[in-house]
Amino acid sequence: MITQLKKSGLVLILTGLFLFPLINPLYAQDDEAPSYTTMSEFQEHPILYTKFMVDNLWVLVAGMLVFIMHLGFSALESGLTQQKNCVNVLFKNVFIISIGILTYYICGFNLMYPGDFNGILGFAGFFIPSYGALEDFGYITPLGYALDMTAWTDFFFQAMFAATGATIVSGAVAERVKLPSFMLFVTLFVAIAYPISGAWKWGGGWLDANGFYDFAGSSVVHAFGGYGALACVILLGPRKGKFLEGGRIRPIPAHSFPLATIGVFLLFLGWFGFNGGSVLSADPVLISYVVTTTTMAAAAGGIAAITTAWTVLKKPDLSMALNGILAGLVGITASADSVGVGEAVIIGLIAGIIVVFSILMFDKFGLDDPVGAISVHGICGNWGTIAAGIFGGFSVGWQIIGTLAISIWFTFAFIIFGILKATLGIRVSEEEEFEGLDIGEHGQEAYGDFQMRTR
Amino acid sequence: MITQLKKSGLVLILTGLFLFPLINPLYAQDDEAPSYTTMSEFQEHPILYTKFMVDNLWVLVAGMLVFIMHLGFSALESGLTQQKNCVNVLFKNVFIISIGILTYYICGFNLMYPGDFNGILGFAGFFIPSYGALEDFGYITPLGYALDMTAWTDFFFQAMFAATGATIVSGAVAERVKLPSFMLFVTLFVAIAYPISGAWKWGGGWLDANGFYDFAGSSVVHAFGGYGALACVILLGPRKGKFLEGGRIRPIPAHSFPLATIGVFLLFLGWFGFNGGSVLSADPVLISYVVTTTTMAAAAGGIAAITTAWTVLKKPDLSMALNGILAGLVGITASADSVGVGEAVIIGLIAGIIVVFSILMFDKFGLDDPVGAISVHGICGNWGTIAAGIFGGFSVGWQIIGTLAISIWFTFAFIIFGILKATLGIRVSEEEEFEGLDIGEHGQEAYGDFQMRTR
Amino acid sequence: MITQLKKSGLVLILTGLFLFPLINPLYAQDDEAPSYTTMSEFQEHPILYTKFMVDNLWVLVAGMLVFIMHLGFSALESGLTQQKNCVNVLFKNVFIISIGILTYYICGFNLMYPGDFNGILGFAGFFIPSYGALEDFGYITPLGYALDMTAWTDFFFQAMFAATGATIVSGAVAERVKLPSFMLFVTLFVAIAYPISGAWKWGGGWLDANGFYDFAGSSVVHAFGGYGALACVILLGPRKGKFLEGGRIRPIPAHSFPLATIGVFLLFLGWFGFNGGSVLSADPVLISYVVTTTTMAAAAGGIAAITTAWTVLKKPDLSMALNGILAGLVGITASADSVGVGEAVIIGLIAGIIVVFSILMFDKFGLDDPVGAISVHGICGNWGTIAAGIFGGFSVGWQIIGTLAISIWFTFAFIIFGILKATLGIRVSEEEEFEGLDIGEHGQEAYGDFQMRTR
């Protein structure tokens, strides 16, 4: 009964979200379709226009690659968890990409790029700006900055980034979180927390002003998500049966390694856009250089994690190999444009070693992170940020300060998720956890028709 | 015995198809390899040539994205159906992309772009034109139209579109259709019906001449496929055990939600090319705008379907969420370049609501569409076409007329599939349907080696 | 005990590989980050620079498409093999892409492009050149050749190719090969054998000097991998239970056709980059032409294999359909830029017929290739090379000589794998093969948590 009420409340909130565009006065700005830009408008500067076309095209394609990461996360997280919670994991990912895009349109973009502001918090108003004037072949938004791409490309690329932080949390809380509470949390996390985190660096905020460097988001996206995940995991507690008496840890097996492997390859692919697109132009030297360092760090992370896990666990562990690739990718993200190729290899190798020990350590601490998200994104995100100082020539001090500053989102997540814990509740019942969230929350099974061949 | 004869007949027809290029006199045109185009040929207009390169590159990449949609359809359709028919669903999709490309080369392209014609039916001859002269940095085909891309890019992009309509039917008739009959039907549907449907709008036909607008094919591709699917579903009848006595409807569960989710994410990705490539250039404002509206409508469709299904079905339904995203994508396809971003959200929201009720309605009507293809592509395709009138400033009257005109393909499909029903038969035997088409038609199992861990 | 020692040895070798960059004097070259290239540097030739941007962008994106092929191979190989060896297959693929990239950076690139050399073997030193001077808007490497892309794009694209040959072997030896031995073999195969094979044609070696033509690697990559696979399969022997007494062949079923189908679609997609990127520029006519011939051959291969298998095996066989598409792709790879579209169809049709008979023939010969890799890549690679002579106007004699020359890698693989057989051993124990390599080598199961619904 009460559950129904809570669910109805969620439905109402979501419905309100939809109706908002209809009543908001700013909406009127969107009414006009863009006038088609023709060569003639640019006839005085056709070369610059053509260069603009290339720059714009690459960032747009890069945004599509970042989009693929959401499929990568869906596959990885559902693959590494239990079959009985698979529909739930997939549903959360489908929800996150949808709500992430919508909220980034409603408020995220203008929280992240508020124009002139105090460096901590600013807001340029609801809804992305409508079709703006093209000037000087970049564009001048109402906020006064110019880029070698259209406003729409900028919005699309950044919107694809936005949902990533929330997705990181999704993996860590899998298999026990109550769906409506998670949906509310994640909506706030992606609509408000992420854009402010981004504004501090990419929106020209206080971290940026002090020389903190984070090329494509080791801190601003990945450690951000990792900190949020840590807070939620602490509040949520481990899955039943994970930590046994006497400190024994029972590994809960992945339900589909093919799915998890598909996920990691797609994340690797998407990262070409995540880092390569962060160049924000198609500068030929820079985009190819960034893609190269990204690739090298990923490969090094994979080999390092394979070797480390083989040494420590005495077996060639596929899940560690997969997490090693991701660790290398997260590690290079802060400095992909700023370090040598050999240094990228070293950053990846260290990330691949770190991630194995980190995953084992969190298990030791009794913190249950089913997919290793806190280690991959949180710990290796911090490593990458500091590595940008060590190898990329940025102030190590400010890199550390930035890392600590981003940890504020641990507190944010802890408060919001804590409030949800005290009110709606954040964890499913023990019975539901045992039976699986797929039946409990969705009334659906991931493989509802699967039959075995009789042998 | 008779079955063998029928299969042999199919083999003969397909064989004939292959030998055709060898004997056709027009084939000689293909014998020459293209001469390499060098900068020097364009030295008088190097800027235009460079712009031509960018335009051509984007549409080519967009064609690759549309190609991915065929993997998306394969995954979605096989995921949402039963395990015992999975090989059959996959086989049909592999066949469709192959035969769709071949027939588009043999006759489709020249049916769709016949040059000057009566507006209803024209044909520029078998086989795509051979390497044409490049003039004015576009190209002049024998038919006299110029584009900012090469003839090959144009062919490739359009060929990838062509098989889509047929794929829509594939999902709707799954789990009971007789394979050879389906293969014959689908060959005609993709080789003849689709190109004529396309010619009416994109080939400069009568709908185009009267101001009907369909940017990337809400009607011309999606409703087209939906109408074909509806005709086949009516002729075929429901799967055994779907509709029980007393009007009870037994849901037949999806055999793999991970597969279905992969499918929807890949379709979403491919749609960036489907709509974005339909700009037919890399116009920076337009391609980024179209990708943005496409994205917003998809996200809105997902959230709307989640909310609607939660309200109506009292649970967060993953298959409805997935279909909601697709509904939003289909809905925006007719007007992605012509409506405001806020309007794209509204179009997507309405599509996401429509699709849930439509799927429930077709079930009520006793029409069994295993993947919801008629609702997603047919109903939402119609909605998108009309929405282009309401929000995009086109004549609502002609949008409705166009929608009705496209419904002629219901009749086409009904006649062709009806003839097949009367001759070869279109439905597998009750025993085969019970046992599954994988064993019955292919002698293969989707998961032939799958073993359970003993616990 | 001895196994542990062997594994430790492997760990040591891999560890050494990581430490190498730290102590190598050449490493110092990487220390500098690239200086950002700005428009101003090119202000005297802005048009050429913009063209350079487009060319560079396409080859970079093409490299990403080739990357996707590694996911394609992972999915195809794991899908077509047994469930009990799935983790092992996936692990090998994750290892190959990682080690392939690292070794191509360490020595592969400079073995493949050694500059002026004797045409058979040359080496330009360890590690790829550091950030080179940009001259004349191409780049001049220390080796003195110019391309319309940056050194990094060149490296990235070629590195993605490198691991492909090794991946082909991976599928053929699946389900019985000892992991550490395979890892050592594959490291040598990708680090040394492939780059030398490539140098003979693409590095300006003796095959290139004599007019041998292989556009994107029917021989240099695919037949190369096929020959290696053949040697390994001969040394390894068939899987237990494949060949029974009295010449009977027991088909070992694929454990997941959805996975295999995903793999083939992704390989098809990746091939657009494999062939299209081999144009090494964004030449609009050429890239679109190459993508078109590639597409046509794949579609024709699929239809031909469907028809052939239906005729021979009396059923529409999905695995043959999938291999037919791949056969068409391998077949067109040597001549995608040099034959007519109709000829591409014929090359694909013949490849699709060949592959069916080849797979059946190898079974007859008692050579056990679980995924058909030798037929698809080896036999059809040879067919494609010769087809380039027949249809593309190149010397059929030298095409045959080139094919034979590449067969030297059979000998190379035979010697290396033979030494491993005599020392470490190359095959798992009979018990482990029966139980599955996932448990035996990795202590992990592909679907460790999979549970059936009770009905």
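All chains are identified by letter, namely A, B and C, in their written order; residue positions are counted from 1 within each chain.
One rule holds in what follows: a residue touches a chain if its C-beta (ideal position, glycine included) is under 8 Å from a C-beta of that chain, and two chains touch if they have at least 3 such contacts.
The structure displayed is predicted, hence computed values, not measured ones.
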Where chain A and chain C touch, do the two copies share over half of their residue numbers, giving same, or under half, giving different? different
Determine how many degrees of rotation, between 0 and 180 and to the nearest 5, align the Cα atoms of chain A with the equivalent atoms in chain B. 120
Could you grab the centroid distance between chain A and chain C? Build each centroid from C-alpha atoms only and quote it in angstrom. 32
Mind pulling the chain C residues that touch 2 or more other chains? 47, 50, 54, 57, 61, 256, 262, 445, 447-448, 450-452
Across the complex, what residues on chain A touch chain B? 4, 7, 10-11, 14-15, 17-18, 21-22, 27, 30-34, 36-37, 39, 46-47, 49-50, 52-54, 56-57, 60-61, 63-64, 67-68, 70-71, 74-75, 78-79, 86-87, 90-91, 93-95, 97-102, 105, 127-128, 130-131, 134, 149-153, 155-156, 159, 179, 256, 259, 262, 441-453, 455
Residue numbers on chain B that touch chain A, as the complex places them: 47, 50-51, 54, 57-58, 61, 65, 82-84, 252-258, 261-262, 264-266, 268-269, 272, 276, 282-289, 291-292, 295-296, 298-300, 302-304, 306-307, 310-311, 314-319, 321-322, 325, 337-343, 345-346, 349, 392-393, 445, 447-448, 450-452
